[in-house]
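For reference, the structures are reproduced in the following blocks.
Next come two complexes built around chain A: one with chain B, the other with chain C.
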Partner chain A sequence: MGHLTTGKLCQMTETPLTRAANATPPSVARKIKGLSDRAIAWIFVGPTIFLLLAINIFPLIWTINLSFTNFRANRPNREVEYVGLRNYERILTDTDIWLNMQATAHFLFWTIVLQVLIGFTLAYLINKKFKGNDLWTTIIVLPMMLSPAVVGNFWKFLYQPQIGLFNYIVAFFTGKDPSSFEMLGQVNLAPWSIVIVDTWMWTPFVMLICLAGLRSIPDYIYEAAEIDRASKWRQFWTITVPMVMPFLMLAVLFRGIENFKMFDLVVQLTGGGPGSTTELTSINLKREAFEKWRTGYASAYAIILFVTVFGLASIYVKALNKVKER
Partner chain B sequence: MKYSKLTAVSALSLAAAGFGASAQAEDLTLCWAAWDPANALVELSKEFEAQSGHTMNFEFIPWPNFADRMLNELNSGGNLCDLLIGDSQWIGGGAENGHYVKLNDFFDAEGISMGDFADATVYAYSTWPKGSENYYALPAMGDANGWFYRKDWFERDDIRAAFQEATGRELAEPKTQKELLEIAQFFQEREIDGQTVYGAAIFTERGSEGITMGVTGALYPWGFKYENTPGSYDMEGAVNSPEAVEALEFYKEFYETATPPGYTNSYMGESLDAFKSGQVAMAMNWFAFFPGLYADPNTGGDKIDFFVNPPQNQAGSTLGGQGISVVAYSDKQDAALEYIKWFADPEVQQKWWDLGGYSAHNAVLESPTFKDSAPFAGDFLEAMGAVQDFWQEPAYAELLLAMQKRIHDYVVADQGTAKEALDKLIEDWTETFEDEGKL
Partner chain C sequence: MSSFSVTEPSTRSKWFAGSLVILYALITMVPLAWIMLTGFKSPADAISYPPKVIFDPTLEGYVNLFTTRTRQTDEFLAANPPETWYEEIVRQYDMVIAGPSKFSERFLNSVIIGFGSTFLSVFLGTLAAYAFSRFKIPLADDLLFFILSTRMMPPIAVAIPIFLMYRQLGLSDTHLGMILLYTAVNISLAVWLLKSFIDGIPTEYEEAALIDGYTRFQAFYKVVLPQAATGIASTAIFCLIFAWNEYAFAVLLTSGTAQTAPPFIPTIIGVGGLDWPAVAAGATIFLLPVMIFTVALRKHLLRGITFGAVRK
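What follows is the complex of A and B.
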C-alpha cells in the first residue's frame, strides 16, 4: 500500500531526473549517495579513458620507445639494443626517403587541388535545380562507393597501353599511337596516373561536402544582394565562396589526411613503381615494418610521419577555426 | 635395380609404421603457393589420406602475397600450417628463428637419406647453415627459371628466311644470352598473321621478387657472385664486377627493346598471359608451369618448345623450388612427419612427377625414361645442374627488397647507371649485414 502511494506521488511530479532516481536500485543509490559529482563523472568516463589509453596512447608510447631500439618483430629472441637517435638520423639523412616524401607531396598537392576545383564546380552545377538532378548526383558519387582495390585493378586495365580505354581516348584526341605511352610504366607519367585515379574516385566526396555548404546558404542573402544590385560574379565571390569556405577547408583536411596515408589504391596500380617513382611514404613504411621487419626503424619512421601530419593538421585546424569565426 | 630396392624398403617401412591403423586421425593443413603444382599435390595427397586416415587441408596463397602472408604467419607463431612448402630463401630464417622443425633425427630414425635427392636441391632447400648437414626441409619441388617459345613460328619458312636475312644465321633455340636477345629483337613488333607480336616476356615486377628473379637469369650466366669468398660477405668487386654491370645493362636493353608495351610490372602470371595470348615469341618462367603450358590447347603441344636459360660466360639458371618443412608451432607434428615420410617414398615421388610436380628424388631423375617423359624434362635436368640461388640469410626479405628497388630503379625507371645501381645495392646489403652483426 505504502509503495503504491509513493508511486502515485512520483508519477504526479515526474521529471527525467526523478525517473532515473526511481529506476536506480536502492542498494546502488545508497552507494552512489556518498560520491561527489566529480567521482560519478569519472565513473562514467573512466571506461572510455581506459580504452583510449589502451588502444591509442599506450601503443603510441610503446612505438616511441621502440623507435630508439634495433628491435625486429620477427626476431623475438634477439637481444634488443637501444640505439639512441640512430634510426631518426638514418631516416632523415636517407635521400631515398626524401624522394618518397616528394612523391607523397606531389600526390597530396595535386589530388587536393584537382578535387577541390572539380568537386566545387560539380557541387555548384548540381546545386542548380534541373531535371534529373538527383540521378546525376547518384551517378557522380558512384566512384567513391567502390573499393580502392577494385578501382586500382580496373584502372590498371584502362591504362594498359595495348587495350586500355584511357590510352585509346588520349590517342583519339591527340592522334598519338595508343601504345606509344605507358601511364603506369613511364617515370614522367606514373605520378600523374595515380593523381588521376584518386581524383576520379574522391572528387565526389569533396563535391558532397561543398554541396552541403552551398545548401546551407540561406536564400535571403542572395535576395538581399539582388536588391542591392550585386552582380552574379560579385555574389559568387562575396557570398558563395566565403560561406562555403569552412566546408571546403574541412574537405581539404579530410582528403589531406586520407591521402597522406594512401596505400591500397597505389599498390594496386603501380606497386610503387616504376622504380620508386610512386612509392609513397605509407608504402615505404609498410615495406620497412612488415616486409623487412625493421620494427625499430619503422617505428621511428612512423613517429616522424605522425608528427608531420599532426603538426600540419593542427596548424590547419587553427586556420579553419579562424575562417569559421569570420 | 636401385629403384626397386628403394620401393621395397619404403614399402616395408610403411608396413612397419602401420600408419592408418595405429595413429590418431588428424586434420593436417599444408600451406603453399597457389599454382599448377599445388593442384597436382592435392591429387597426390589423396593417396596419403587413404593410407593414413588423416585428412589433408590446403592453404594456397597467390604468389605475390605468398611470402608476406606465410612469413607473417611464422613470425607470429601461428599454427595455421602444419606443413609448409616454403621458398628456398626462407630456410635461414626458418631455421634460426625456430619456425621449422629440425629433421635430422627423424630422417635417421626413418631411414630417409638426403643422398637420395639431387645435391643442388638438398643444398638449396634443406640445409642451414649452407654446407652443413642440418636439415630443416625435404626437397619437395625442384624448379628453375627457364624459357619457352613458339615452335610453330620458329619453324615457319618465311620467318626463318627473314631471320636469316636479318642476322645471317639460322633461327634456332639460342645458345647464348646474346643470341636470345637477338631473336627477341627480331620478333619485336613483327607482323605475324596480321597481328603485331613482340620479342619476349621477362620478369619486371617491383613489389615482391619478380625483377630480381628475372635479372639474375642474366647475372648468373655472366658470372655474378654475391661474395668474393663464400661466407665472408665481402661484396665489393663481386656484386658490382664488370661482368655484373654488363649483365645488368643487357637486361635493361632486353627490357627496352624486346618486350611488349606496358610490361613494366610483370611476373609469372603476366608472362603466361603474354605467351598464351600469342603476344610474344618467347617467355621466361619457372619450369613448374611447363606441364600446363605444354597441355594448353591453343599454344601448347606442337606449337611450343622449351630451352634452358642460355649461358654466356658460363651456364647459370635462377633457382626456384621449395622444400617441405614441419612448422614448429604445429600441435600435429607427428602426423605432419608421417606425411613427409610418405612423400619421401620413391614411388610417391614418381607419381608426383607424373602428375606435374617436379620431384627432386634421384630415383626419378636418374631413371632412364626420365629425359623422354616430357619435352622439358631434359632441360630441367640441365638447368638444375647449374642453378644459383639468392641469399638465404635470415634477413633475406630485406636483402631482396633492396635488390628489387635498385634493379627496378635502373631497368624500368631508367635512373642512373648499372654500376651505380649495383654500388647502391652493396651499400644496402652492407647496412643489412651490419645490422645483423655479420659485418
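What follows is the complex of A and C.
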C-alpha cells in the first residue's frame, strides 16, 4: 500500500498551484496581473497547506493505516497483514507502558509546578523594573535557546558522581560525600535529574510569558486600588494574579505539550535509564519503532499519544477560554 | 524623583528584586560557564576531583574535536618531530594526527539545513501570513488552528511514516529531505508570528498603492514586505534556532551525509571513554552563535519565544 501512496504524492508536488507560487517574479506576475484577490489568496496559502499536508497530515494518515497492521520497517518484503485493533489492545493492556505513562506524568507535573512557581516569581521581580533588568532577563533566557540534546549531554557530565560539578556543589552545601549519590544512576534520583535540567532550561519561557502578562496590566487599576486603600497583599491576589492567569495558563499549555513530546533532552541525559525509570513515552516509542522495528505496534502507540495530547490540549484550551472571558 | 507614583516600586524593593534576579541569573549561568571552561581543560583536569576552576588552559579539546589521531611507535615519533603547535599537543600522548574529524562537515550540514529551511519557511510563511491577514479565506480560523495543531504531534510519531516515505523517495539522509522536514515543522510558527506582524501594518498603504495602479503582487512586495522586514527577520531567527537545535528527526533520519551537529557532538569519543574537553569544545562552538544572537537581538526575540503572546 505504501508504494502506491508515495508515488501519488510525488506527482502531487508539481501542481500548477505550487508552480505558480514558486515563480512570482515580475515576468510571471505581469501575466497573472488579472488574478482576483481570491486566486492570489489561494496561491499564497496553497504551498504552506500543501507542505503541511505532505509532511504532517499524510504521514499521520499513513500512521493510522499502519497501526492496524503487523508491518515491520526492517522487513519491507514480508507480507503485511491487517490485524484490526490488536495493536491498540496490546498497548492499553501492557503494564510496562503504564509505567512509562507514570514516568511522563511525574516529569510533566513537577516540571510545570516548578517552572510556574519560579517563572512567575522571577517575572514578578523583574517587573519591579530595577536598573539593568533587560540585560539580566536576556541572560536568564539563554538556556532555553540552546540545543536540548547538547545541553542534556553536557548535564550528564555535571551529574557524574565523583567528578561532576553538580555533585560537588550539593556535597559542598550538605556535607555529603560527592560520590555517595548518582543522580543518573539511582532509581530514586534519576526522575528528579531530568526535572532539574528541564526546569533550568525552560523556566525562562514561563517567566517571559508571565512578564508579558504583568506588563499588560494597566497602571490605573493599581492606582484605583490604592485610592480604595487595598493592601499590597490584596492587590496582588485580586489584581495581579487574576490578570496574569490567562498568560500563565498559556505558558502551561505550551510547556505541557512540549514536555509530553519530550525526547531529545532526556534521551541524551539518561537514555531512559536506570532500568526504565526515566523512559518517557517518546523514548519508549522510539525504542519500539526504531530499535525493535515493530512499526505497526509503534504506529498504534503514536496514535494513542497524539490523541491523548490533542484531547488534553483541547479540554485545556476550553478552560483557558473560560478564564479569559472572566 | 520628581513625581510620586503609587505604582512605581520603592528603591528598596527594586534593590531586593534586582539582587534576587541577578543571583538566579548567575546560578543559571554556572552550567554554561562550566561547559566553556571544560573546553579549555586537559582530559585529566576535566575529570579531576575536586572540580578545578583554576587550571592551565590548553587547546587540546579543540584539537581533538577537529582531528582524528592514531598511536605511533617510538621510532616513528622520533623520526618525525612535530611541526605545528597542534601536532605538539597530540604528541604528549604518543599520537599523531591522522586527518580531520567529521565535526566541520556536521557543522556545515547544520548551517546548510538551518539556513535552507529558514529561507523556505519564511518565504512560504510570509505569503501565507499575508493571505490570512488580508484576504477573506473560507474557514480561515480552522486552517490557522490546523496549522498550529501540527506542532502538537510528537516528532517520533511523525518520524515513522516520514522515515518510510523518505526511503521510498530517496530523501533519507539528504539535505533536501531535512530542509523540507524542518520547513514543515517551522512553518506553523512562521505563519502565526508573521500574521501577527502583518496584522499590525495598516492596510491604508496598500490600498493607496492599489489605487495608484499597482497590482496586488506589486503592492505586496513593494509596500508590505519592506514594512514587515523586522517581523520577517525575527521570525527567521526563530526558525533558524529551531532548525539549528533540532535533534529527534536528525538522529532518526540522517546517519552520514546530512547529519547535523546535535546528534554528532555526543558521540565524540576519546581514548578510554568520552573525551569531555572535546565534547565541551564542540558544544561551545555550536552553542556560542545562538547565545550571541540572543543577546544581540534580544528586543526582537521575545515575541517569537512566546508565539506572539508578547507584543510591544
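A few notes on this one:
Following the convention adopted for this analysis, the second predicted complex is superposed on the first by the 269 of 326 C-alpha atoms of A that agree within 3 Å, B and C clash if a C-alpha of one lies under 4 Å from a C-alpha of the other, contacts with A are read in each partner's own complex, and residues count from 1 in each chain.
Basically, a contact is a pair of C-beta atoms (placed from the backbone, for glycine too) under 8 Å apart; a residue touches a chain by one contact, two chains touch by 3 or more.
This one's a predicted model, so the numbers in the text were calculated from it and none came from an experiment.
Once chain A of one complex is fitted onto chain A of the other, the partner contacts of A:73 extend to both chain B and chain C. When the two complexes are superposed, the chain touching more residues of chain A, out of chain B and chain C, is C.
By the document's definition of touching, of the two partners only chain C reaches A:51; chain B does not.
Of the two partner chains, neither chain B nor chain C is touched by A:229. In the superposition on chain A, A:322 contacts neither chain B nor chain C.
In the superposed model, A:293 makes contact with chain B only, not with chain C. In the superposed pair of complexes, A:162 makes contact with chain B and with chain C alike.
With the contact threshold set out at the top, residues 73, 160, 162, 164, 290 of chain A are in contact with chain B in one structure and with chain C in the other.
Residue ranges on chain C touching chain A, taken from their complex, read 5-7, 9, 13-15, 17-18, 20-22, 24-25, 28-32, 34-35, 38, 46-51, 124-125, 127-128, 130-132, 135-137, 143, 146-147, 149-165, 168-169, 180-181, 183-184, 187-188, 191, 215-218, 241, 244-248, 251-252, 261-263, 265-266, 276, 279-280, 283, 286-287, 290-291, 293-295, 298, 301-302, 305-307, 309-311. Listed in rising order, the residues of chain A touching chain C in the complex are 2-3, 6, 9-10, 21, 24, 29, 32-33, 35, 37-38, 40-45, 47-49, 51-52, 54-60, 62-63, 66, 73, 118, 122, 125-126, 128-134, 136-150, 153-155, 157-158, 160, 162-165, 168, 178, 200, 205, 208-209, 211-212, 219, 222-223, 226, 247, 250, 254, 257, 260-261, 263-264, 268, 281-282, 285-286, 289-290, 295, 298-299, 302-303, 305-306, 309-310, 313.
Against chain B, in their complex, chain A makes its touches with residues 70, 73-75, 77, 96, 159-162, 164, 179-180, 182, 184-185, 187, 267, 270-277, 287, 290-294. Chain B makes touch with chain A in their complex at residues 68, 71-72, 75, 93, 97-98, 205-207, 260-265, 394, 397-398, 401, 405, 408-410, 412-415, 435.
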